[in-house]
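One chain, subunit A, links the two complexes that follow: it is found with subunit B in the first and with subunit C in the second.
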Partner chain A sequence: MANKSIKKDQVKSLLDKLAQSNQLIAPIQSEGITLFKPVKSGEGVVLDYQNALVPPKDFFFPQSEKMFTYDTTDPSWAITPVDGVPNRVLFGARPCDVKSILLLDKVFDAEFRDDYYLDKRNKTTIVAMSCTDARHTCFCGAFGISPGEAEGADILLTDLGDKYLAEVLTEKGEALVSSCGSLFTDDDGNGPAAKEKAVAPAKEKQMQIGLEGVKEKLDNMFDHPIWDTESLRCIGCGTCTFVCPTCHCFDIVDFNNQSSIGYRYRCADSCQFANFTRAAGGHQPRPSKKERTRQRFMHKLRYFVDRYGDFGCVGCGRCIEKCPVNLDIAQIINKVKEVG
Partner chain B sequence: MNNVTENLRKTAAKLLQDQEVKMVIGYGAGSEAGRTQPVFITSPEDAEKLVWNPFCVNGLTKYLSDLKNFDGKIAVVVKGCDSRGIFRLTQDNIIPRDQVVVLGIPCAGQMSYQKLAAKMDVSGQLTDVQEKGDNLEIKTSKGNLTVKKSEILLDKCALCENHNPVIADHLMGDKIDIAPKPEDYEEIKKYEALSVEEKAKFWLSHFERCIRCYACRNTCPGCTCRECVFDAIKPDWVGKELNVSENELFHLTRAMHLAGRCVDCGECDRVCPMDIPIRLLNKKLLKDCKELFEMATPGSSEEGGSVLGQYRLEDPEEFM
Partner chain C sequence: MAKNELAPKAARIMNITRETSDTKTFTLVFTNPADQDAFNYRPGQFVEISVLGVGEAPISITSSPSRKGFLELSIKRVGQLTETIHALSPGSIVGIRGPYGNGFPFEDVNGDNILFVAGGIGLAPLRSLINYVFDNRRDYGDVKILYGSRNSGELVFTGELDRWSGMPETEVLVTVDRGDEYWQGNVGLVTTLIPRIKLTPESYSAFVCGPPVMIPFVIKDLLKLGFREDKIISTLENYMKCGVGKCGHCLLGGKYICMEGPVFKYSQMKDLGFG
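Showing the complex of A and B:
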């Protein structure tokens, strides 16, 4: 599809316009922290950010979401579904986070179709933003993701100095562009070459991690002592899970405040919590940190591949940066390659 | 290699060799420059993995609680602030004092990985770090940096009460002679002066961000309940739902459970991935307890317990 471009001084008008007819979700900064938030206009949106502290996953799979409300005194036991979301534009998502949404699709849009997820997914247009710089923890290249590509996005913007190249990737993207009239102009033909140059630093600077043979090796490492040693320092917090764009486990809970009216919600859960696998009667299939740590890395690098044909990690590096005890997935990958 | 690292390795190897302890918990090289990672050494040969440098930020005492059923004595490396956690654990009867060998390190201050990462690419390996006066010369496989220590120092270290550990069975370096800067709670007084509405606005905007990962609880030497109130399902005192009111309840409950017990190690504040200023809550309670009960910072000495957890016949009970 066509390559367009938009002048940087027009971006605020674009965001203002998008916010009029959609719920606009964009990165904003406060107290030095970048997070995706719904915004009413382009005011305060930052686009030269390195990746957001937590991924925009929350707008597809919220950490907590109401599923329905009920009233047990109602003779028909009717349940009231929650409202869906309005049409939305997710603006400025990075390539790793866009890829993570394709991975979530494999989970939520498969044999079991998850209506809560799909409502949000279908109503969201994704405008991605190439990376022109990488954080010290980035390693998306290991998973075949490029700082300058964003399969799964509807439009991909790339910072070219005084303008953004806008690659229109889907029909949804085309619809967005045509709804914005003259804000976008046709690219002068130099866009793709300029993009390659712009994203080169991000490709070079990021960690170069190779995954050759890792999955095959993990196939035979269920009982390997590496899980004993590496898990000892884990403090079993949910940090790595809750900052991860691909983690998708959840729990379902009813809330009724001791009245007949209540609601059911689901909320993200973490395999690193001891009570994640604790069953009624006290049975605990993953009794120690060893089993839980193993589960995390096996799920991302082996089971996800078995089930969906792709790795369950996009190399965003958030868990590396935020793990309080430096249990680093890139280091684990390298160790898996080294150990006998 | 610095002297402390050398002492540590020797002492650890000897303790393991003599079977005085079965495990040594200390710091090992990190995956990035500017970080170390906790290591658990069980054979004398592996003592070589121990390091000491200005990036040994983690508190290690909480691991003693995880390992309370470990078969044998454990040696643990502590800095001044962490050393108070030892007494938290012994006073709370989590571990018997005679099961622990404390390897104390006098500490002038630790450096923040986040602050360093803002100044250099930390993705390389640390190859050398030297203190030169007020500066640190940091060498990594991906480049070097000379930086003023004060620019990357952990905030808590500027107000350190115990540069020298309050307890050490073996001291790994020379005592440090830096006069502790008296904590005047200037920062806390600023927040105390706010109106109730302003306080609520400030805190709710932070609590809203909490992702309830419980890293703050899990790293805390004072959070050792067999079943934490936040994990209880029946009754579910605090719901699992992530919203600002449950988050607020979580934070205030945790703060109150630590009132008079928090050893002010700063770990909860450091580990929070969402940069929630948990230290302000703890410091406020510390300030109040100190003013009301003439309490020393908890964990400063072997005796004592928690001021709010004690029963004394001579207590005035003015409110009854």
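Showing the complex of A and C:
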């Protein structure tokens, strides 16, 4: 598909237009924090951010979402499914977060298809944004992700100074471009070379982490003492899992506020909590921080590979940045590599 | 949006049998006959049972698919949801989704002699297979059933244990951890019954289910007797929510107990960091 470009001074018009016929989700800044939010227009959308505090995962797999409603006094025991979402455009997702959505697809579009997730996924066009800079916690390259590629996105924008290169990657992306008339123009042919130059700092500045042999080592490290030592400083707050773009564990809860009308919802849950695995009868397979810390790293770097053929981490670095005790998955990877 | 896999279907409680002071067996029939007809399961599979406004929990199916038109769940009162279910009467409606999980590999043990070892409420999932075996008696060899509970008041399916002991080529031994004035039978852990049965391990498959603390001890004794690792089959339980391999709770050594389990051969369990 032909490369397009869009002048920077046209981006607000583009966002305004997208917001007219779609729910537009874009990064905004408030009190120094960048977050993806539904917006009514291009007003206030930030384009020079590094990455959002929490990933846009929330728009496919919300932290909390209603599953169905019911009336406990209804003798027919009817349950009412929730409405689906409108057509949406997710604007400005970084390549690591786009990859995380492909990983979530593997979980939710599996043997049992998850209609809640797939409804949102199918109705969302993803406009990704290349990275031209890296944070000190970034290491997407370890997982084969490039700051200038975004498989899974429908359009990939790259900042080229006074304009964005717009690589149209899918039919959904084509439909978006053609619905925007003259806002996009044909690229002059220099776009791809200029992109390589633009994303080079993001490749060079990020942590260079290699994963050679890590999965194979972890296959034999279930009982390794590394989990005793590395888990010591964990305080079990679960922040790592809540900022993670690939964590997909959830709880299912009923809520009816002392009335007969209620709903069942699901919400993010964390393997770092003792209650995550404690059964009503008292059975507790992960009784201490050691088992719970091991579970998080094993799930990302070993179990996810066994199950889905890919690592369950995209190197976004959020868990490293936000962990209050500096438990660092990049350091864990390096330590596993040092194990004899 | 269409109803999805996580939305339960209505089932009516037709009968309630009190097994012990804290365990009841519920007979359920889906209110929509099409749902009942479509509900095909294997021994060893489980369902998620819901009470709207309270919640949902995984419970193994204790009836045998060889007896059609209903399903039975034996439920021990251990938490908020099971407490609520215990307070329901016949005629009440609960939600059911499933069946989930792999179930017992009954085809693989065709022609084998079969040893069942159960502890407490662990007899519930095995009962499904035991009745399946008796309903297909010619496909299997000798049957031996070892069952133990903490005390005589906690033995479940006592009437059925008597019936099974009267079946041809079948031996049933029951024990309790602590004896009392009402109990005249064996006293001791279920493992004390193992040396009392005469069997040739190479011709047997063993199915083991009970509290997590019991299973490793039984397996150890069976291995010592000479059972093959892939002929010792157990069914595991972990806290679960979705039942369909997504919510993450039951993940054990990279396997979703709700999907690849709950039934595992010991040769597989070793790789899960179990025991």
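As a working rule, the second predicted complex is superposed on the first by the 340 of 340 C-alpha atoms of A that agree within 3 Å, B and C clash if a C-alpha of one lies under 4 Å from a C-alpha of the other, contacts with A are read in each partner's own complex, and residues count from 1 in each chain.
To be clear about the criterion, contacts are C-beta pairs under 8 Å (C-beta built on N, C-alpha and C of every residue); 3 or more make two chains touch, one makes a residue touch a chain.
Small disclaimer: the values here were computed from a predicted structure and weren't measured.
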- Task: Mind checking the superposed model to see whether subunit B and subunit C fit together on subunit A or clash?
- Result: fit
- Message: Quick one: is A:His283 in contact with subunit B, with subunit C, with both, or with neither? Answer first, second, both or neither.
- Response: second
- Task: Considering only the touch criterion stated at the top, classify A:Asp251 as touching first (subunit B), second (subunit C), both, or neither.
- Result: both
- Task: Considering only the touch criterion stated at the top, classify A:Thr137 as touching first (subunit B), second (subunit C), both, or neither.
- Result: first
- Pick one for A:Gly238: touches subunit B only (first), subunit C only (second), both, or neither. first
- Note, angle between subunit B and subunit C viewed from the Cα centre of subunit A, nearest 10 degrees, works out at 90
- Task: State the minimum pairwise Cα distance, in Å, between subunit B and subunit C in the overlaid complexes.
- Result: 7
- Footprint overlap on subunit A, where subunit B in one structure and subunit C in the other make contact: 251, 253, 269
- Which of the residues in subunit B end up touching subunit A in this complex? 30-32, 35-40, 58, 62-63, 66, 117, 121-123, 209, 211-215, 218-219, 231, 233, 236, 239-243, 270-271, 273-275
- Can you check the complex and tell me which residues of subunit A touch subunit C? 67-68, 70, 72, 76-77, 79, 81-84, 107-108, 110-116, 119, 222-223, 248-254, 256, 260, 262, 264, 266, 269, 271, 276-283, 285, 295, 298-299, 302-303, 306-307
- Can you list the subunit C residues touching subunit A in their complex? 1-8, 10, 31, 50, 52-57, 76, 78-82, 93, 95, 211-212, 237-239, 241-242, 244-249, 251-254, 259, 273
- Item | Residue ranges of subunit A in contact with subunit B within the complex | 31-33, 35, 53-54, 63-64, 136-137, 205, 207, 229, 232-233, 235-239, 241-243, 251, 253, 255, 265, 267-270, 273-275, 289, 320, 322, 324-328, 330-331
